[in-house]
Amino acid sequence: MNLLFPDWLPRSNTVNLLAGAFLLSALYAAAQRRLLAAITAYQWNSVALGLIAAVVAVVTGARHIALAALLVFAIKAVVIPAVLRRQAMRGGGDTVAEPFMGVPAGMLACGGLVVLAFSQTRALFGAGSSILASCLPVSVATTLVGLFIMVSRRRALMQVVGLVIVENAIFLAAVSLTYGMPLVVEMGVLLDLLVGVALLGLFVGRIEETLGDTDTTRLTSLKG
Amino acid sequence: MAWLLPLLLVAPLGGAACLALGRSRWTPRVLLASCAAALALALALVARTLTGGAFTAAGGWLHVDGLVAMVAIIVTAIALPCAWYGSLYMPFVAERDHTDARWAPGRYEALLLGLLGCMLVATAANNLGLMWIAIEGATLASALLVGYYRRPGAVEAAWKYLVLCSVGISLALLATVLLYYSAGRLFGEEGAALQWTHLRDAAQQLDPRFVKLAFLFALAGYGAKAGLAPMHSWLPDAYSQAPTPVAALMSTALLATSLSALLRFFAITAACTGPAWPCGLFALFGALSMVMAVPFLLVQGEYKRLLAYSSIEHAGLVTLAIGFGTPLAVFGGLFHLLVQSFAKALAFLLAGSIGRGAHSRRMDHFPGMLEASPALGTLLAVAGIGLVGLPPAGTFVSEWLALAGGFASSQGVAARIALAALVVVFLGLTFHWSRMLLGRPREGFADPLPAGSHAPMWALAAVLLVLGVYLPAPVRALIEQAAQVVLP
Amino acid sequence: MHAGAIVLQTVLLVALAPLWNGVVARIKARLQMRRGSPVLQRYRDLLKLAGKETVLSEHASPLARVTPYLMLGAAVTLCTWTPVLTTRPGLAFAGDLVMTVALLAAMRVLLALLALEAGTTFGGMSASRHLALSALAEPALMMAIFTLALNAHSTDLARIAAAVEAAPAAWISPSHLLALTAVWIVVVSETGRVPVDNPVTHLELTMIHEGMTLDVSGHHLALLEWAGAVRQLVLLTLVANLFLPWGIADTLEPAALGLALLAWLGKLLLFAVVVALTESLTAKMRLFRVPEFLGMAFLLALIALTSDTLTRG
Amino acid sequence: MSLTGLDGVLLAGAVFGLAVAMLLPVLATLVPSPPAALRHAAPRALAAGSCVLAAVVGMRALAGATPPPLAWWPGFPGQPFTLGPDALSAPFVMLFGAVGAASFAAHAPIGSERGASARLALHAGFALAMLAAFTARHVLLFLVAWEAMTLLSAALVAHDTRSSRGRGAAYVYLAISHAGAACIALALFTLSAQAGSFQFEALAATYARLPAAEAARLAWWFTAGFSVKLALLPLHVWLPMAHPEAPAPVSAMLSGVMVKAGLYGLLRFAWQMPGAPPAHWGTVLVLAGIASMIAGALYAAVEADAKRLLAYSTLKNAGVLALAVGLAALLAEAGQRDIAGVALAAALYHAVGHGFAKALAFLSVGEAVHAGGSRHLDHLGGLANRMPRTSIAALVSTLALCGLPALSCFAGEWLVFQSLILGYSAGAGQLRLVAPFAGAALALASALAVAALVKLYGIAFLGRPRTAEAAAAHDAPRVVGLTLLSFTALPVLWGLAAPVMALTLAAPLGALLPDFDAARLAGEAGFTLLPARVDGSSIAPAAVALLVALFALLALAWLRGARGQRRVLRRAPSWTCGAATDTRAQYTALGLTKPLRLIFEPVLRSTRELDVLEEGSPYFARRLRYRSAVPAVFERWLYQPFVQAVVWTSEQARRLQTGSLHLYLAYLLATLVGLLLWGR
């Protein structure tokens, strides 16, 4: 069980590194004006997640985590970006994400969210346990950043991207904190995620066919 | 035990059958049959629970106690009348709006049953991960149902519903993970830390910091699903756009399911950190939801949106009651959760007949219902009585029991706020109802559905009224067991 | 139970009631340098009316045939407990201040209803004015006597009289005088005297009391007239014995009673002179000034009450 | 259900009878072709009978036979529901029974089959709820009954589903009453939480033990709640709207009995349970009472709608009740407990007396309105010769409401005056200041009420019919007419036998003022009514009535002697100074009290407009239109601003829901951030 306290692991630094990359890619996505670039950022985000999963798998030697890592690569880094790209192309090629606020302001906001997340979650850990020390704050921060992306972008697809980034963050927490939940659960989670994204894609399509484009700020016929 | 798996399986199987049958005259019957079977099995489950107490099944994946049995009863008992009504309503809509032209046959039934199955699994799941998956599944199924009519409004509502609830759901997943971690060290075998029963039994040893964090995320996540303010924004759109039977089911069964999921977290947190902290948060969000619903109930033109806000208010009342934390209040809250479902479902089903008959969803377009159609008018009156909580509707007793427990509790202020909110809501709803029931009816209003469509509504009304004057011992025992689960 | 006293004062009041009107009329005539009708003329009128055929409106309800009798009955009933000669009238247990005012109100109600029986313009008009004025007069009367009642700690008329007599200082107290003025105004309006009303006119624009009996004739009219006279005399007696109870007897010795009788007659004569003077010196006021007049009475009575409170409170 | 003793059986009979009477018409509609008897006659008779039973229970309870309460456990948490009269509720139960019986007997089916049976079912349910409200001994049962009473009567107020007036009235009534009920429930549940029980006995025990400040707070909540039912200014607006709209038999119960439920609540929860009302309670009630009396009488005087007029007169009498109770509280506070007893006796006696008179008034006027086809007095007239039975009842009730001696409303007001005078001379605290004004107000209000009621009877029943309908009016159906006539006995009896009847109130008085000896209210041989003081004044209503009759007969005899046996009475057209006038020459209802309206113009602020439709010669227009209205002051200046403010705020608040998904997501994000920041 001492596997749960892997302070002595040199690899923990790699995990920290990857976690940093994870957060950075999320921020990078938040900074994007262009849809496809944001999707790419998400792809990098997923790759970082998969690497972390892999490292944890190696560390703990838990098979199901390795499997989870594979799944992450397959679904999050390949399938979902592909789906999103196809939607983006159908939605008129390299469209602009049209943020409500300028990039610098958005970055400032994201920075604030990250600080908040770190300040609120650091306290939860003692000085030790470095992996956790970096991963939970990162995942919470990324959750908030993902939410912020959803709030601040007009394009329906951008909101999907924000959502999947949030999912990534949570998956990071799952993998890093608990070294993976039971396999079945993770399967289910991933499956649900897949279906969810498919559905979102479906509705993006419908929005397009009913509204003519995917600017979600126009979706205000129901109010009061 | 023997009843549990069939209960969980009957709905999905029926759904698959519907899908397979496609547009066949058997499809609706299969739907009805599986709903009826589910109700029967749920009743059997209740009997089992009342006699034998709580039990865990399927290697710790499933767990049945008072709360589960109660929610299962709510889900199935509402699903049957809704499906019954829908079997008359949906064909009518289909041939009027030609919806099925764009929609593969049998899928409505399949989705409905899928939703039903997911809700039942989510209710009976002991493994928090499984519960999460089931609720996500329910969300997806209901999202498709919300967008069933492909008109712009429906698509918009479905989109908002899907996005907001997915975010909420993922926060709930984070909560699950955190809870899992907080117990990570305690249990040997993998996955045990996801089992609610284990967590509850070991609540004392859990790491309160993580439990608290988990509860916060769960509150935001499952709270959004249950429609607590300020995460409620999707709710009026979804309820007003979804097909009538679906809206009825969502505003009652899905609400109960999400609340029960939230209550699982609540129970563990209360056992770990002591009840004061989670109760405070519950009271806060409950009172907030009630107050938030008030202005929208006062100034509202659309009937179904009105109902949506009213269900926000009721969800708030239940949450608040549990936040009071006194036994009487918790009993009242859960009783309210049970009895308001019948009032709300009745009100929503009426929206179908009346709205279609008047070719409008605006309340000022169907005045004088008592005269236009005495049967529908009477039902509407009963629904109104149930929603505002006047005798002899059961909601009267439940509301007052909940508040009575509140005045005694440490949250007396919240109780007074809730009372004030209830009074103002009463003013609003009675105003709208007086205009719908009385006055000179519009020309040419006719009940579009066959008279048989009244039967399910009468059934709901009967339960609502009976529970207002007499609470049978089994029901009472059931609610008490459920209260035991929430706050031992 | 001194039944004798009761019968005596009742007979006295009922018998003398028409006389007082005659006396007033006579004094007025003298003031106007006329010989005037004989003092007993009123009795002759009453007897003549009593013998006449009575014409009843075809729209009148059965109530119209009962009302005159009830009016007289109520008026005479008042006489049984009004302190006339002694502060120990026999039937004091049956009625007190409130009962007196209530009976007066009852007579007013019956009279107003009677006025509406025939369904004519004049009936309605006078009934309307009558109701309006009495709505102000009744409370004023109530208040005025109430002032005394508060000092007497009782609404029993005889006790009030005794209390006032027992405390001579009270006679000149401001509240007492204010109340007296108020009650006098009320009596004037209740009895339909100038400046509120003119008992001899039948000009529809001005008449109040006469209009209500316009459709009444024959023995009904006789009963009404007599009832009105008795009521008026009772009111005057109340003023005389509650506000100026000089000479009223505390015992039933003949001497005291005789003295009381003289004092009472004297006061009535005094009142007659005052009324006659006002009627010949002042003009009748416009109808819509009358409410102010009565409102003043109400105000005075109220001031009397409160000033009493403040001075003795 | 535990049935013990005769009273238990009687009470159970009344309850079940009313329940069955409520359900029968409903169930009858399920039968394909129900016999008419099942739909109306049978339930109506059953309900009337049950009310008689209730009246008997009430009287026996007054006599001291209070049965152990019926108990039934509906399965809700807490103790079983208990139901039974006690000393305090006894007079109200009796009043309820008597009025209820009359109102059901007079509830003739009108209009469509369906509507008639629906009305009857609602009526029976309303009666059942009221009986339960008076006899409940359990918090939850009391609230259920209280709210059901409001809801069902509101449904009856709106029984004409097409009348927008009825709808508005029902809504205002429901809204205000529910707000009041919320205050009551708040106090009740706070109390029951501290008592740990829903039973009234336990509540009373706890209530008396509470610290003074807290007990006072609860008492004020109760007062606020029950003042709504008692319709004290400014919570009265619903009464003149709602009472007239209901069917006449229901209006009789509303005005005659339900208003007294407010008094019952005040006495029970703000006086009996805590042992004594809180400080300043008396003053507040006295002032509210004075205001209600004068406003009620004044608006009644200028009202032209027969049933609204009666409703306003109810407002006036509610004021009298409040005044009496307030006086009692002040006197008890000042230690003058025997005088306080007089004031309380006044309140209870007047409650019952007014209940009888007002119920009779609504029943008879309702018949007249039905026969004349309009509620507006100017469309009636001359009914006395066309509906003799009804008009007798109307006359008696009108005179009784005028507060004339020997009828039911006189003794109560007399006792009020006595307590005023005695309290004043006893120098009881604030009373020295209040008493004169209270006396003046009471006198003024009575005088104005006289004007109003004379108008009611005089315009509607006397004179000439003003419309063809009124000319063609027929008397009420036989059963109804006989009901009215026999019910006439009650106000007369309550007036004539006042001393004896006052003694029957000993039990409820003892429940409120244990050391008050009610026997001193009646003089020797129960012939005179006394203010509990031998040295005080006294009245003998019966004696007065006898004297009046005696002298009237003497006068009759005298005339017989004076004119021998000649035929003396001749019918002839009315004498209008020689002119032949038609019915329009009669005074109108508005005209009759126009002088009053002018006198009180500054208060009423009535609006008048006169426009000439057709000019004739310069001085004589051919056709005129004259409109006059008395604005509803409280609605305009008190309630409308409140409603407008609420609606405006809601309009502003609705901007939260703009439909923008991003905004909603922002809410979620903000909530999350907030929870993370301050959640723990």
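Just so it is clear, A, B, C and D label the chains in written order, and each chain counts residues from 1 on its own.
Definition applied: contacts are C-beta pairs under 8 Å (C-beta built on N, C-alpha and C of every residue); 3 or more make two chains touch, one makes a residue touch a chain.
Only a predicted model underlies this, so the values are computations on that prediction, with no experimental measurement involved.
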Chain at maximum distance from subunit A, centres defined as averaged CA atoms: C
Distance between the centres, which are taken as Cα means, of subunit D and subunit B, whole angstrom: 44
Whole-Å gap separating subunit B and subunit C, where each centre is the average of the chain's CA atoms: 78
Subunit A and subunit B, separation of their C-alpha mean positions in angstrom: 31
Euclidean distance of C-alpha centroids - subunit C vs subunit D, Å: 35
Contacts with two or more other chains, residues of subunit C listed in rising order: none
For subunit D, residues contacting two or more additional chains: 654, 657, 659, 661, 665, 668, 672, 676
Residue list for subunit B, restricted to those that touch at least two other chains: 159-160, 163, 167, 171, 213, 236-237, 296, 299
Chains touching one another, given as label pairs in label order: A-B, A-D, B-D, C-D
Of all residues in subunit B, those that touch subunit A in their complex: 127, 129-130, 132-133, 136-137, 140, 143-144, 147, 150-153, 155-160, 162-163, 166-167, 170-171, 173-174, 177-178, 180-181, 184-185, 190-191, 193-194, 209-210, 213, 236-237, 240-241, 296, 299-301, 305
Subunit A residues within the subunit B interface of the complex: 1, 4, 121, 123-124, 139-140, 143, 147, 150, 156, 159, 163, 166-167, 169-170, 173-174, 177-178, 181-182, 184-185, 188-189, 192, 195-196, 199-200, 203, 206-207, 210-211, 216, 219, 221-222, 224
Subunit B residues touching subunit D - in the complex, by the definition given at the top: 159-160, 163-164, 167-168, 171, 212-213, 216-217, 219-220, 224, 230-231, 233-234, 236-237, 281, 292, 294-296, 298-299, 328, 331, 368, 370-371, 374, 385, 390-392, 396-397, 400-401, 403-405, 407-408, 416, 419, 422-424, 426-427, 430-431, 434-435, 437-440, 469-473, 475-476
Residues on subunit D engaged by subunit C in the complex (per definition of touch): 301, 381-382, 384-385, 388, 391, 395, 399, 402-405, 410, 413-414, 417-418, 421-422, 424-425, 432-433, 435-437, 439-440, 443-444, 446-448, 450-451, 454-455, 457-459, 461-464, 523, 528, 535-540, 543-544, 547-556, 558-559, 562-563, 566-577, 581, 583, 585-587, 591-596, 598-599
Residue ranges of subunit D in contact with subunit A within the complex: 654, 657-662, 665-666, 668-669, 672-673, 676-677
